[in-house]
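Provided herewith is a single structure, encoded as structure tokens, for subsequent inquiry.
Every chain is named by a letter (A, B, C and D) in the order it is written, and numbering of its residues begins at 1.
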Amino acid sequence: MTTKLSGDAKGVYVIAATPFHDDGRIDFDSIDRLVDFYLRCGVHGMTVLGVMGEFQKLSESETLDVAKRFIAAARGKIQTVVGVSNPGTTLLVKAARASMEAGAAGVMVMPIQGLKTDEGVLSYMRGVLKALGPSVPVCVQDYPQLSGVYFSPGCFLQMVDEFPQIVMFKHEEAPGLRKLSAIRRACDGSARRYISILCGNGGIHLPQEYRRGADGAMTGFAFPDMMVRLHALFAAGKTEEAEDLYDLYLPVLRHELQPGIGLALRKEILRRRGAIASSAVRAPGPKLDADDVAELDRLLARLERKTGKPIGSV
Amino acid sequence: MTTKLSGDAKGVYVIAATPFHDDGRIDFDSIDRLVDFYLRCGVHGMTVLGVMGEFQKLSESETLDVAKRFIAAARGKIQTVVGVSNPGTTLLVKAARASMEAGAAGVMVMPIQGLKTDEGVLSYMRGVLKALGPSVPVCVQDYPQLSGVYFSPGCFLQMVDEFPQIVMFKHEEAPGLRKLSAIRRACDGSARRYISILCGNGGIHLPQEYRRGADGAMTGFAFPDMMVRLHALFAAGKTEEAEDLYDLYLPVLRHELQPGIGLALRKEILRRRGAIASSAVRAPGPKLDADDVAELDRLLARLERKTGKPIGSV
Amino acid sequence: MTTKLSGDAKGVYVIAATPFHDDGRIDFDSIDRLVDFYLRCGVHGMTVLGVMGEFQKLSESETLDVAKRFIAAARGKIQTVVGVSNPGTTLLVKAARASMEAGAAGVMVMPIQGLKTDEGVLSYMRGVLKALGPSVPVCVQDYPQLSGVYFSPGCFLQMVDEFPQIVMFKHEEAPGLRKLSAIRRACDGSARRYISILCGNGGIHLPQEYRRGADGAMTGFAFPDMMVRLHALFAAGKTEEAEDLYDLYLPVLRHELQPGIGLALRKEILRRRGAIASSAVRAPGPKLDADDVAELDRLLARLERKTGKPIGSV
Amino acid sequence: MTTKLSGDAKGVYVIAATPFHDDGRIDFDSIDRLVDFYLRCGVHGMTVLGVMGEFQKLSESETLDVAKRFIAAARGKIQTVVGVSNPGTTLLVKAARASMEAGAAGVMVMPIQGLKTDEGVLSYMRGVLKALGPSVPVCVQDYPQLSGVYFSPGCFLQMVDEFPQIVMFKHEEAPGLRKLSAIRRACDGSARRYISILCGNGGIHLPQEYRRGADGAMTGFAFPDMMVRLHALFAAGKTEEAEDLYDLYLPVLRHELQPGIGLALRKEILRRRGAIASSAVRAPGPKLDADDVAELDRLLARLERKTGKPIGSV
């Protein structure tokens, strides 16, 4: 059991992959191994059952089993946020309650597909947040490239003002650097209470986001250890050193960011790093072909050469 | 237990609503009542757990319970097709097998969101159909307005040629009258085996579709009894009489077709006709306001006046 | 020269087709003939160079020539609104000024593709309206099915409050009956100045829209004479009689509403009614095939039978 | 006058910005200056009036003036490809003919918005290519992130087989590395004639694309001199050295790639490099705010430090 998620959360809340066996069954042993890997990387939290966790391909009972195993494996050392987005509010609330009972620190909610305009988003979120009740801390995920749902900074601030349980903003609209700045300035702990802003999108603008006031990363890049060091360097004010570190990984990071195939690449890197046993993605999911593998080989070889570290080491 | 779905299916395979209590729980008694209503309307089959069946808001176990109750209530009198579309192929196959074991005549599959190009659709459908195996009859749903997935007539014909278990095409691309004609001519029972083409989209072009060779309707319009009579009239060659009948209902039909709010209107009409106990839609779903109700009152009053029949009568 | 467009505009502002010769050249003589037809139909205004006017396939000089010819042909008898939507604000303003100099009563502006959230739409419209200046009356077109841009009633009201030159709302979000009611109530001439609301979308919900407070139609349905009579009946409080009239035309109206092919159908009906010489649509535009023509023949024959009037008569 | 565009085109065909004065007028002197800059960078060709050339905000006459000025400024030293995509085929053909007469080497065509399925794309392209005739060399632009039009490799190969004037593929579907490989293998000069494949998307995967058989870049990255050196290094087989060079620029490249704001960033960098007088983007276009400028300052300072070269030097 950890503390509940709060607005002062900082650091790397890694988006966890869901490991499968080659035949598509959930690989629970690899969940333990993956959490151990994340802990060795020094992450500050985990987010499970996000998009990269293939939550849409799990049944209701599987999602709960996966969430519980992750939370148990973390042994209270770090917070776990559980993704509970769902087309139906009843199922969303059920998943949220079960997750909290299992020891989650909070839940992540993305406005569902089909919502239009700030008014539509607000109306939806009010329904969800009232149904969740005040005791469940919520991270609002802003990922319009996937959901097709766009909302303005003003719309998010309205949610914040109405619902104290919103404590975190997962920022991943792209381009979105100005949105981050706008929300940061509005939720500065003075004019309005402070909200934790963690950044997704594979970390493709992470140094710029730190400089604009982000509190950390919430993304699944297969080198969370780099992100942890980046966070420490920014925290220590060593911004140029931080960006130097980041730039070493940028070629792999931007390669892994590709939609679709990116998940297969990420899982393959995690496999090579010893974090999971199989890089399998549930069907209909991407599989790497010979070109893809050779390309990844070259990019990882370059990374090892530039960092002077084998990719397996943390 | 009924026969399996086949390419010579004809008539009205009504898209069944899923009845809920006002608090959102599934109303199983109303499933029985609704099936009885459909049987009294004379429908030739039912399709359950389609979009209008709110399948996305049901848990895995709920979907199976709903499918079983519908099939049981039909007492073998009509075929039941079960919608099994799912982001994950494993869950799709599991639902399909369970449905067939419960007595379904076949399953309905819609290519999942995010597929691009005919090659992408074909690749996806090959994966699904191989996983389903040859013993499960399949209706392919073509509903790009919802899925965002467009495929050409040639792409569908390729599926038909590769997979004998594809026996039905649920036509609802809009505009799509030419697509219907193209597929009808290609699957005419001579150049290529005959495929049943049933039309969705609320029936908004149903007479034109019949004239272009459709075999019937697969839609949830709240007056399936009208569609059954329309089908009989077209079958008897009384095409103008058929269209005269249809035109009486067109004002209500086009009103009910509105995306979103249409589901609430449809369930409210079914409730007024005595087919279900509550018009509740699971959250986040549309609810009728006073304007909507007054508007519906007027439209239904006009329909009663024009047809000379109370809407409650079948 | 007519008066300028104002918030008390009422009636049928027909969306004018742009007539072409079979080879794609603009048919200016048919513009005169079409305007004469519209005048005989009794329309209260015209809107030229809208989507159905194929404005996107005209060069800058062609658009101005077309607008001028329409305005000249109207001989000051009715107002002409000119569509000036454009990806570039400079070109938009240039077209608006030229149109007003040529005698337009006002211009119609649709927020450009790619705008996201109410804040984004407001920001764009502020830029356009400031550049247009206070002397150009503006009709805001709300057509998200085409533009992909959704804005809330509150967003539109904000525009109204900031810019007195906004005098008309072209309502065609679908479904959108509630939006119409919301804007009507907010712009009732008491709490806020009265705004003219004219409805598009082919008129598919026109009687319902009148009952919810619409001031008329702004759509290109090929029987504007019916819409004019509908307007008069609603104005006279003969609402059921109005709807009876409308229902006679609904089968053709809903057929003509099909995106894409609908433009070819509409122009073919206008040709058959003697309003234009050729039904040609500029490439890449839809052309009717033999099935389409036979289908239209039947629908129009049914209309003649039901109304007892040849379609050529006005 | 240069030779016509052909399938053996290789190198960097830079996407040219269209320079404006601060008040939005076209800055023709800066066109001369920009071409001079590109020539000093050593580019192998130019592509004008692409998306980054803001072609949608230019009038018909402006587009021709801009194309002519670019072609004249190139003084026959490099080929110029002119973007002629247009909602209307007549205007497209007119622009293409005028461009070729003015000395263009070929034209670039993107399938228009709204096309669905491979069959739809093929049908459209057949109409355009027949209207253009066999004497106009064509580069097909594949940019679905903007157009919403997706087509498969097989669809493109069909175009190639039907129309010898298609000589180039502008590859920018993302993710799209496999599509590049598929088309490269199919158009290898043996099984099928060789087609030049140039890559867009800001160059975000350029080294990987070279390794997969791309012939060069067609993108507007503000450091075309880097891309020219990259091309030379790949041509010389110095692939690791090439990628080392590329990685130095990747932080700026990925920053400039942001949709929307990216154009303002790119023009500002070009201004700072002395290539154009003003970084103005035509309204409604993005403008840099103080945060954006400070961010760009830092990124460019880092680039200067890493490369040891002032950004103004070529």
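In this text, contacts are C-beta pairs under 8 Å (C-beta built on N, C-alpha and C of every residue); 3 or more make two chains touch, one makes a residue touch a chain.
Quantities reported herein were computed from a predicted structural model and do not represent experimental measurements.
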Exercise for review: Rotation angle, chain A onto chain B: superpose the C-alpha atoms of these two copies and give the value as a multiple of 5 degrees.
Suggested key: 180
Check your understanding: At the interface of chain B with chain C, does the proportion of residue numbers present on both copies reach over half, so same, or stay under half, so different?
Key -> same
Revision key, fill the gap. dist(centroid_CA(chain C), centroid_CA(chain D)) in Å evaluates to 38
Study note, to complete from the structure: Touching two or more other chains in chain D are residues 260
Exercise for review: State the interface residues of chain D toward chain A in the complex, per the touch definition above.
Suggested key: 174-175, 177-178, 181, 204-205, 208, 211-212, 240, 243, 247, 250-251, 254-255, 258-262, 289, 291-292, 295, 298-299, 302
**Study point:** Of chain D, residues touching chain C in the complex
**Key:** 24, 54, 56-61, 86-91, 94, 112, 114, 124, 127-128, 131, 260, 282-284
**Study point:** Of all residues in chain D, those that touch chain B in their complex
**Key:** 116-120, 144, 150-155
